[in-house]
Amino acid sequence: MIQAAIVGANGYTGFELMRLLASHPQVKLTAAVSRSNAGVPVADLYPPLRFAYGDMAFSAADVSQLKGVDVCFTALPHAASAEIGGQLHDMGVKVIDLSADFRYDSLELYQSTYKVTHPRPELNAQAVYGLPELFRDKIRAASIVGNPGCYTTCSILALYPLLKEGLIGRDGIIIDAKSGVTGAGRKADLAYNLCEASENFKAYGVTTHRHTTEIEEKLGVSLSFTPHLLPVKRGILATVYVECTASDADIQAAYDKYYKNERFVFASPMLPELHHVRGSNCCAIGYKLDPRLKRVILVSVIDNLIKGASGQAIQNMNILFGLDEGLGLPLVGEYL
Amino acid sequence: MIQAAIVGANGYTGFELMRLLASHPQVKLTAAVSRSNAGVPVADLYPPLRFAYGDMAFSAADVSQLKGVDVCFTALPHAASAEIGGQLHDMGVKVIDLSADFRYDSLELYQSTYKVTHPRPELNAQAVYGLPELFRDKIRAASIVGNPGCYTTCSILALYPLLKEGLIGRDGIIIDAKSGVTGAGRKADLAYNLCEASENFKAYGVTTHRHTTEIEEKLGVSLSFTPHLLPVKRGILATVYVECTASDADIQAAYDKYYKNERFVFASPMLPELHHVRGSNCCAIGYKLDPRLKRVILVSVIDNLIKGASGQAIQNMNILFGLDEGLGLPLVGEYL
Amino acid sequence: MIQAAIVGANGYTGFELMRLLASHPQVKLTAAVSRSNAGVPVADLYPPLRFAYGDMAFSAADVSQLKGVDVCFTALPHAASAEIGGQLHDMGVKVIDLSADFRYDSLELYQSTYKVTHPRPELNAQAVYGLPELFRDKIRAASIVGNPGCYTTCSILALYPLLKEGLIGRDGIIIDAKSGVTGAGRKADLAYNLCEASENFKAYGVTTHRHTTEIEEKLGVSLSFTPHLLPVKRGILATVYVECTASDADIQAAYDKYYKNERFVFASPMLPELHHVRGSNCCAIGYKLDPRLKRVILVSVIDNLIKGASGQAIQNMNILFGLDEGLGLPLVGEYL
Amino acid sequence: MIQAAIVGANGYTGFELMRLLASHPQVKLTAAVSRSNAGVPVADLYPPLRFAYGDMAFSAADVSQLKGVDVCFTALPHAASAEIGGQLHDMGVKVIDLSADFRYDSLELYQSTYKVTHPRPELNAQAVYGLPELFRDKIRAASIVGNPGCYTTCSILALYPLLKEGLIGRDGIIIDAKSGVTGAGRKADLAYNLCEASENFKAYGVTTHRHTTEIEEKLGVSLSFTPHLLPVKRGILATVYVECTASDADIQAAYDKYYKNERFVFASPMLPELHHVRGSNCCAIGYKLDPRLKRVILVSVIDNLIKGASGQAIQNMNILFGLDEGLGLPLVGEYL
């Protein structure tokens, strides 16, 4: 059994890790660390956890006590996450970091995007970007994985094959993305009160959202990225507009080249809906050509808490430890 | 034109008063007082208000500056509301209070329920309970109106005629009530975050909710009252269980006696749904006899922000000033 | 009092007309025609209507019996609507048509878009496009008004001033629009079942939605229009991407030129949210420049059933009859 | 590997069976039978199934072709289900029936409740009521299991221990239950259109709902059962009112006696919320004494599609085949 720990376990991605790991046959969760909730039973914050974890409590944040665990998921605010993750790495623990701290190749881009100084620049150089369908081989050998952002995963999986195969224009790309409210994390904030957020819809972070630079770096292009807040709990749908004169067959061939043998990614001309993947670790991609305007419109969907965060982190863990990549990960979305 | 002011205007009932008063042909809102938001444009908190109030800002809480207004709606926390309301009364301003401070006949019951000392007991003795369909004549002559609670309005309108006419048992009454999230007011509270409240449902305040004593006092009975939180914005539906061996005709006759000429209350054997009244000042009541178990089941619905708060307050104002009772009040619920 | 009738009154826009007209001080609804529901009380389909219309029933579809009404709102499927509307026009009744039949200047474009032959081409030439903020003078003199589509209203109000003033590029415009489910009308269709549509989100009609040609004709440009289905009841938000190197001041000046004195349209740099206008006849427009990519991103919101259909129809009626343009129309959105 | 089939696989419980069985390590689904959708890929109706079942199609309804499967889940309308289930039983297939056909001890009560003649009364006498926490030993030896109703499971698990231990009154029990819309099944029905069902709430089937007799038979009492339709997809919460003068300790002891070692049932004084169990096979029960009124108020929650239908059916299958009872069943609710 792999011994795993979570640091920053009280947030929504922490809960989702605990929920998914509860049914992982090869992992034992040895510690759920939360400084602010140390000593509090995990079921007090998240009552469903009682059925799997009984009276287990969040533990205090002493990294040294995590010595001996095989892997640690770090889910802290940026900069803090790299610092704790770095200490764990120094102790020989494999680190899967859910913050932005180990996602960027360019330290400058990270630092200008997040307005912080990276606490462990030398480790950043070793870290691997944890998008398994594109970078599986590197992940296998990594000791630190930078788990991608949710919007980023959804956007990159849709665009990467078409850009690599030269089927679409590199200029003028527009990503109009819509996310459920869990994307904002566990927060007592009036803007997310049901009275303010349900039966509502809005754009936010227009021209300034931090996932823009992460997407741009991984794809090597400049683009418009506009996130919106959907009145749903989970899920991201990105509608992507790009210049294209290729055929359906070309597009499908490009996707097949990258994803044909992937169990969690499916691309076809059928435009997917949010509830096709919600509750699963899957990404579904659809496309529709518009020959009149020489464009293709892509639609890409994921569950932001699973493929966009905790599920992908577990997928990375499975790769790191040579396990079947799908262990513990839901394959069929809940739909209802 | 009647000059009106609101004290405690920044909350949801304050917003709803401003929204409804914007289309009232006989009222001018001269001040929207909010200590915590003094100087802030009302449209900053509630952008829809811009279309009616332009750049109007919340004003600071100096009661003396309200001298000369005809009526003031007070919507402050209990005890604070009676204190400010009392000062306004002393200045000759008619007061419609949306807190619990002027709702009780019994000071003891109020004080034991709300755990405060009433700041103006002598005014409480003069105040009138503002449920127009039952106490219209007293309201007409009042200078202070205690606007009823939301759960209370919904429950009393359903039970009062049947109890008065002796058609139902006085023991064993159970009110199982369900309210939308606006009932909790404008709050940055994790429990009301869309992620926690949508696709969820729960009972709360079981055996302890403060509206219990208000209902019991007005009806003169003891009963179980259990509120639940619905994943909707607005509206209350109460399902009421009472012993009954009367006939449909008896029940209908009792309701007709009290409500036949009421424009805002409708009772029939058809069980109403929340969206039959949401967005209106109406209360719809339905009933279904269960001869097998010698019971009748009542279903009563209102919009908690309108008939359960701000709309009823305006209805009371219309009565106080001899206006048509329906002025400025939505008669047809939005349904969609 | 203006005598008004509605033909096709059983749909959601018919209900919304009845709901709004109930509080219009200068209009009496003399007939709510519905062939499929003739004889059925309007309150059987829409219980909230009981409070204003009592036992009034839908009437059968005999146009000749509408002789003498001043105005008729026609809300039938396309082609059928123009035929009935044409007969009413021949009888001297002013017609406000909520279908697509009288919206297009070009008969060819209408016919190729809707795959029908226009039954009254000569009347189409007389009809006026009922977008009051842009075509008020023509509406005043019209006898037939083609009430604009919902997506169309939202899109045109945002783009028209900027195109007219030459501030934005005419190529490469992208409208990514999101609508509530009422936009699909009153339908027993599995796709709109709450189980399938809530906690879901999807694009539909990609590259083929019929409002595309209506928008393109009125603006004189070619563009991408992609509608999506939001899990809300009401409201449209359109996010619009256009090439632009103008300044904030230029943009604001262009909007001010067209809308400064409009009570129902407001444009500012603040990006509006759906609940800023839901429940009102208002359109709110916001803009954000992206100098890095030489673009501007516009966000425009309306209530699809009010400004996007029935409210705008009443606004047109007010203009046709020389009434105050805002009579009977909600100015302050419900927000909650 | 156990060979399993589903008859009536196109409904929501059929989908949920397919979704859950996809991650069951000991079961292979050999046929998903749907007469109305024979030949249609399962992923056409339910796109998430593609990730587990690829291009598998629904098969036609020839029972004889199911010879050799170990177990069949029948999810057809009542009477039809018993007929097909009976044929399968005759072929030696173990049957887990999700209709009401094998739930009742009393044929008369079944027939008067469902207004049909039972097609296989002799088999009904052999069938076992599939509520594992109460009847596990009988299930182990059964060849036909009548899988309990959703409301029924939720209600019986809360009341059974307290009635058996004599802690509560047998008269005057009231169950006020609230269910998500999936409880109505997969239907193109206007009443379940998001426009009609979201931001709405209603009682239905008042005094007449068919689950009443099922609950009454299993508990041996007469009671009021009132279902309501919640604007959520999944989950049932039942609020139960019963006469009681016992103590908290008595209540807890009674629940412990029955559930202490049950992994899927948890009872405590904490009142559970819908999202504590949604997405899991668990039932959570809470209680609050009201000494003033000599009552106890119970709150019981389940996921209607899992513990209330398909999950419980799989739990029964695990018991029938001597597997670990929790195999393939989600233990931790999704909460978010």
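Letters A, B, C and D mark the chains as written, and numbering starts fresh at 1 in each.
In this section, contacts are C-beta pairs under 8 Å (C-beta built on N, C-alpha and C of every residue); 3 or more make two chains touch, one makes a residue touch a chain.
Everything numeric here is computed off the predicted structure, so don't read it as measured data.
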item	value
Pair exhibiting more inter-chain C-beta contacts, A-B or A-C	A-C
Maximum centroid distance from subunit A, chain identifier (CA atoms)	B
Distance between chain centroids, defined by C-alpha means - subunit B, subunit C (Å)	35
Gap in Å, rounded to a whole number, between the CA centres of subunit B and subunit A	46
CA centroid of subunit A to CA centroid of subunit C, Å	40
Set of subunit B residues in contact with two or more other chains	12, 182, 195, 198-199, 231-234, 272-273, 275, 336
Of subunit A, residues touching subunit B in the complex	12, 181-182, 186-190, 192-195, 197-199, 231-233
Residues of subunit B defined as touching subunit D within the complex	172, 174, 176, 178, 195-196, 198-204, 206-207, 222-224, 226, 228, 230-235, 237, 239, 241, 271-275, 278, 288-290, 292-293, 295, 297, 299, 336
Subunit B to subunit C touching residues, read off their complex	12, 15-16, 18-19, 22-23, 46-52, 182, 199, 233-234, 263-264, 266, 270, 272-273, 275-277, 279-280, 282, 284, 305, 330-336
